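To start, the structure itself, in structure tokens.
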Amino acid sequence: MSATHEDGSGEGLTRRGFLRVAGLAGAVAGFSATAARADGQIGYFATDLSDDRLRDMLRTILRIRWHERTMADRMLSDPQYRAYNHFYAGQEAVATGVCAALRNDGPFDQIDLVYSTHRPSGHALAKGVDMKRMQAEMDFRSTGLNGGYAAEMHISDPAVGFMGADGMIGPGHVIATGSAFAFRARGSDQVAVVFGGDGTYATPHFHSALNNARMLQLPFIYVLENNLYHQYAHYSYSSPHTDIADAARAYGIPARVVDGQDVFAVYNAAKEAVDRARAGGGPSFIEAKTYRYYNHWGAPGAEVGKLGAFGYDPLAITSFRPEREVRAWMQRDPVDIARKTLIDWGVLDAPGADALEAEVKAEVAEAFAWAAEQPLCKPEDGLLHVFAEGAVLPRQIA
Amino acid sequence: MSATHEDGSGEGLTRRGFLRVAGLAGAVAGFSATAARADGQIGYFATDLSDDRLRDMLRTILRIRWHERTMADRMLSDPQYRAYNHFYAGQEAVATGVCAALRNDGPFDQIDLVYSTHRPSGHALAKGVDMKRMQAEMDFRSTGLNGGYAAEMHISDPAVGFMGADGMIGPGHVIATGSAFAFRARGSDQVAVVFGGDGTYATPHFHSALNNARMLQLPFIYVLENNLYHQYAHYSYSSPHTDIADAARAYGIPARVVDGQDVFAVYNAAKEAVDRARAGGGPSFIEAKTYRYYNHWGAPGAEVGKLGAFGYDPLAITSFRPEREVRAWMQRDPVDIARKTLIDWGVLDAPGADALEAEVKAEVAEAFAWAAEQPLCKPEDGLLHVFAEGAVLPRQIA
Amino acid sequence: MTVKTWMYSVLEAVQAEMRADPAMVWIFELTPPVASNAGMPVINLETEFGRKRVVNTGIDENWMASAVLGAGLAGSRAATYIPYQGAGMPFQLIQNHAGKLRHMTGGKASLPIVFVMEMTGQTPGFAGQHSDYEIDSTYMHIPGVRTVIPSTPYDAKGMMHAALRSPDPVVYLYPAGLRMLSEEVPDEPYEVPLDKAAVRQEGTDITLVGSGGGMPDVLEAAAQLGAEGMSVEVIDLRVLKQMDTETLVASVAKTKRLLAVDQTYYTLGPAAEVVARCAENVEGARFRRIAFPDAPPPASPEMFKWMRPDAARIVAAAKTMV
Amino acid sequence: MTVKTWMYSVLEAVQAEMRADPAMVWIFELTPPVASNAGMPVINLETEFGRKRVVNTGIDENWMASAVLGAGLAGSRAATYIPYQGAGMPFQLIQNHAGKLRHMTGGKASLPIVFVMEMTGQTPGFAGQHSDYEIDSTYMHIPGVRTVIPSTPYDAKGMMHAALRSPDPVVYLYPAGLRMLSEEVPDEPYEVPLDKAAVRQEGTDITLVGSGGGMPDVLEAAAQLGAEGMSVEVIDLRVLKQMDTETLVASVAKTKRLLAVDQTYYTLGPAAEVVARCAENVEGARFRRIAFPDAPPPASPEMFKWMRPDAARIVAAAKTMV
């Protein structure tokens, strides 16, 4: 195990102490079968961060979690609510840990770019997208992040390097290598990151993205969130690898398997990959073992236990998620882990953590309230933005 | 090394004797850098074959070689000649060794199927396609193998399990897995084989074909003819693997690297793979290290040394084939190796081998003569065969 | 004869064909081949025929289409259901392989294959990338595939039987918006031909032509116009390739007015071909198209619904012509 | 001003744009970006700009197109030359990503990208799979991409400058048959607009419309008809999306006869859209199309040449109309 970096505040030992305890707790809970297999401690980058940045990571996790819980509540209860969602709760530590290692503000030609998936809200919030405007977009409002054109599966905000949800499985990874190619060509030290699920492994694009990134030594990071399922199938139906990271290693790409429930473990792996990319060392692959709590997808009018709602998937013919599996993963909740770690490290105390959570809840409530008041779109604006200038003709109008 | 199978004729020792000598000869010629890296002796399947079948393998190699040399001559000299070609000379042992391990005649639902490439004539002849009709097709004749619709890059003859040249790089491999899928579904012991060049590695289809074949344990064999170049680039421009077989191994697919100049080494690997597939053991991958003597492609009116002819590639901007590399590979000619091996094994003597070659030359001359006399196509027949029945309308006719 | 949903009717055809032919295979991705219908047995192809013949793959629609082609070439009847998210993935395979192989082999290739392609773009909220109604034109332009687009459960079942029995590759477009449409559908197998448009209603003042997901609005518009005294002939294309020119031309020769309606983009939608064929063959008639504008469908229901040609738009357009 | 080949003219534009913008990238596969021309310096983008900006990839046309899109999104101007064998591979990427991203993001995506698509299907011998002229319709139907098809070296250079400077994704169709066509082309940069058809010749008896690889035959036919006393107006579409309706309609309103010529398949070729737009807007005119039949191009030169609409066919068709 490599030497730890201590930040001089005297917290180092306590932090390491916690890591040992957390490891034990995992073992005690009997996760050997389903829990993440991590590569062990990668580095102590996270322990070096300022208290502010550490608190921000917890805050981000909480913002994602409460945004999502609020959304689920609305779907179940509010007849005016219109937004659908692909749920991210359970996976918050992945987006948060990765984005914490990136450059998220500054001029567009200096920030790092993130390509997201059909499950974008966590990535978006972690990268710095404004929650209010994102929520308005999801609710199809004209003042939404993308003017009401996008909706959940297609949100984007290049201003913070959030290049967009990509609802198609596969193409985004290849497109992201193109951004990395542009960085290398123009001598920039920016990094392109793509998130993808275990479902992306089987796409032909997986090979394309990794092989070209490797051959051209691109500043590209593939973050594979292995939440065990792609829609209604376990990943063992589509991949021969227990660790999909092994597939990346076959290309000669440095790959890490990390515990996706532990934001600091994710951060450590991301930091290592980002440093490598900026230094011209080429691509990296990170497989985060994680789990999604809710259903694949949800929509307004949902009823608990029914399709598109929460829990068991009735369409799941070939395989489905056992109740016990869901409960087992909930024992290693990313919110709890981050919170306990920071308390253990002395960054926060329990009342401080509670206050932070209350703050976040208030912010989320405000974002939903703001979004719900936003104006609807003007019908004829659908003809704009096809090309950079002008509108296309409304051919159907008599 | 496993025990040898001796066929009782007392030739076993001599055969093994040759193999040792051949190995030495390779070393003496100093091929360490460019010569094939083989996995060593795989098995002695080839030594078990009847003399007739061994002679047939030499005959096939010679038929491919003389067909091709005759074609090259016509391109350079005969103003009436119309066929273009992607040359296979130098690689004959691969097609021959693989197809010798397959079931090539019988009812369509029992024979093994071969999917070929833009470089199909060697595969076609080895699988049993009629040379005369193939040559007529290449020359766009109505009595050609495919009625003049196909030409060289698209010839096919399902009757002998030759499913077709596929001029597109990539799709054929995936399509071939579909045939293997059908075999498994209907409980047949047929095998689907696809040939592909080193250029196929970079295609997205490579991943698709291998991953699905592996997940479904299909009776599928991917024969990768690594002739070092895809069009104008060395394969190291598009693959991080020295042995592309390593890429297949990453999927858990049994893979062999064989000396593609030695038809018996190729046969041994193919036999092993075919036996595995028939027994329900799933896919295999064979990488044959080989080399093409002529240019990528040739057409009538060619002039020696010019584009589309023979030798140096003037369009080769990024890389080209050094003259010495071509000459070095020619030292390990598949015709010579097969001939010397059979003489060493006592299957043939030199006059017998010469007689065989003379027979083949006569057959080739006759095939070209026959093809040249065949009728041209009727223009309006271009409207047939779009659908199984009827003709499409000639929309352009006033 | 039972009232059945579209989805049930289609799977009933597939089930019957798979029972009749033990070699036939079905490849799906995320839409399990399962359907239930009031008073009818549940259909589940996967459990009935087993996973060797009915396979659920990883996310690789190009493999699905390619595998079906390879199975066909090997002599097995084969079909796949491509979800709308992946409908563009197998384009090259269908355009350059499935559609060309019979011709390219001089008639030798065996191609008893069906590509069921799910289409969206009819529902507000889905937006841009998740809308793919445009593939109707994409697959209609290329030769060698029969591209069909049923609009009723009856046709859907009959055309599925015909498609599975056809020696030609069939692109069977499946407008997802019609999935739960129901009508009386015979229980036994029957065929609806793969080369005939349907005259849904006869009339003399104007010819309305539509297809697939647009038919409910076209029929609704015809009913409204009829109520106002207009005599409307309604044609459901049903088949995009090869388009049934005769039925179209005969109708327009009679009515002298053609209004062709597309749910796909205006430029080069099927309606362009309808107008062009009729304009070449009928002189002195009036021609008009309405379609989705040349813009991706936006997410906002307000924008989307305004852009989609619905019954009200069709009625308004027809009135300007008669 | 020098007589230059098409290929040289195009690369001259690319070279000038790459000199002006050090971030711009070019991705190719097997066609090295190299051209020479009598009396002019050899252009070799790879050696001039280095392998970080000009890259030769493995055989993966979908990567080429995707990489160009990703580069554009990251703010770099980017272009790729897709060889005809791979022209169908990036369809999904262009249809569902490049063409939709501006709209889907509410105008936020940066898309200064060009897809140069090589087209064949004009030369006998290539056959089925190696013919892809049909992609003109494929890329013309979808929204959000400007699809252009120059037919002269002058336009090829000017439209390449315009394409590379355009903020919109451009599908730049490149009929391979015209590669060696030569004419006087200015040495300095200039733009030919991406939204205007060209009236190549004015006349009053009939309007002939063609595009891309078909233009030499259309012009030859017009010359022959002119020699026989017919007054022929010739329009070169140049732009498929967005098609220049005004120029077409104005011409047909004058001549009252439209003959539209396609080298692509008859059904839903660009000529279908030309006829449909004119038929909707001009009453009492006569309309006719000729095109490649709805069949893949066969290898045999005898079959192929008979099927391809050439000058003689165009002349014959025009004569039946006037």
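As written, the chain order gives the labels A, B, C and D, with residue 1 at the start of each chain.
By definition in this document, a residue touches a chain if its C-beta (ideal position, glycine included) is under 8 Å from a C-beta of that chain, and two chains touch if they have at least 3 such contacts.
Quick caveat: nothing in here was measured; it's all calculated off a predicted structure.
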Legend entry - Far-end chain from subunit C, centres as C-alpha averages: B
Legend entry - Centre-to-centre distance between subunit C and subunit B (centres being mean Cα positions), rounded to whole Å: 42
Inset, instruction - Using mean C-alpha positions as chain centres, tell me how far subunit B is from subunit D in Å, no decimals. - result: 38
Inset, instruction - Let me have the rounded angstrom distance from the C-alpha centre of subunit C over to the C-alpha centre of subunit D, please. - result: 30
Inset, instruction - Would you give the residues of subunit C that are in contact with at least 2 other chains, written as numbers and ranges? - result: 57-58, 60, 62-63, 92, 96-97, 101, 103-104, 127-129, 143-144, 242, 289, 294-296, 298
Legend entry - Numbers and ranges of subunit B residues touching at least 2 other chains: 148-150, 154, 166, 168, 201-202, 204-205, 208, 211, 215, 237-239, 386, 392
Inset, instruction - With chains as vertices and touches as edges, which is it: line, ring, star, complete or other? - result: complete
Inset, instruction - Note which residues of subunit B are touching subunit A in the complex, please. - result: 201-202, 204-208, 211, 214-215, 237-240, 246-247, 250-252
Legend entry - Complex contacts: residues of subunit C adjacent to subunit A: 30, 32, 34, 44, 46, 56-60, 62-63, 85-86, 125-130, 266, 289-309, 313, 316-317, 319-320
Legend entry - subunit C - residues contacting subunit B, complex: 22-23, 25, 52-53, 55, 57-58, 60, 62-63, 66-76, 78, 92-93, 96-97, 101-111, 143-144, 146, 166-168, 242
Legend entry - subunit D partner contacts - residues on subunit C that touch it in the complex: 88-89, 91-92, 95-97, 99-101, 103-104, 127-129, 132, 134, 137-138, 140-144, 241-243, 264-265, 267-273, 275-276, 279-280, 283-284, 286-289, 294-296, 298
Inset, instruction - Could you please specify the touching residues of subunit A with respect to subunit D in the complex? - result: 108-109, 113, 144-150, 154, 156-158, 163-164, 166, 168, 171, 174-186, 190, 192, 204-205, 208, 211-212, 215-216, 384-388, 392
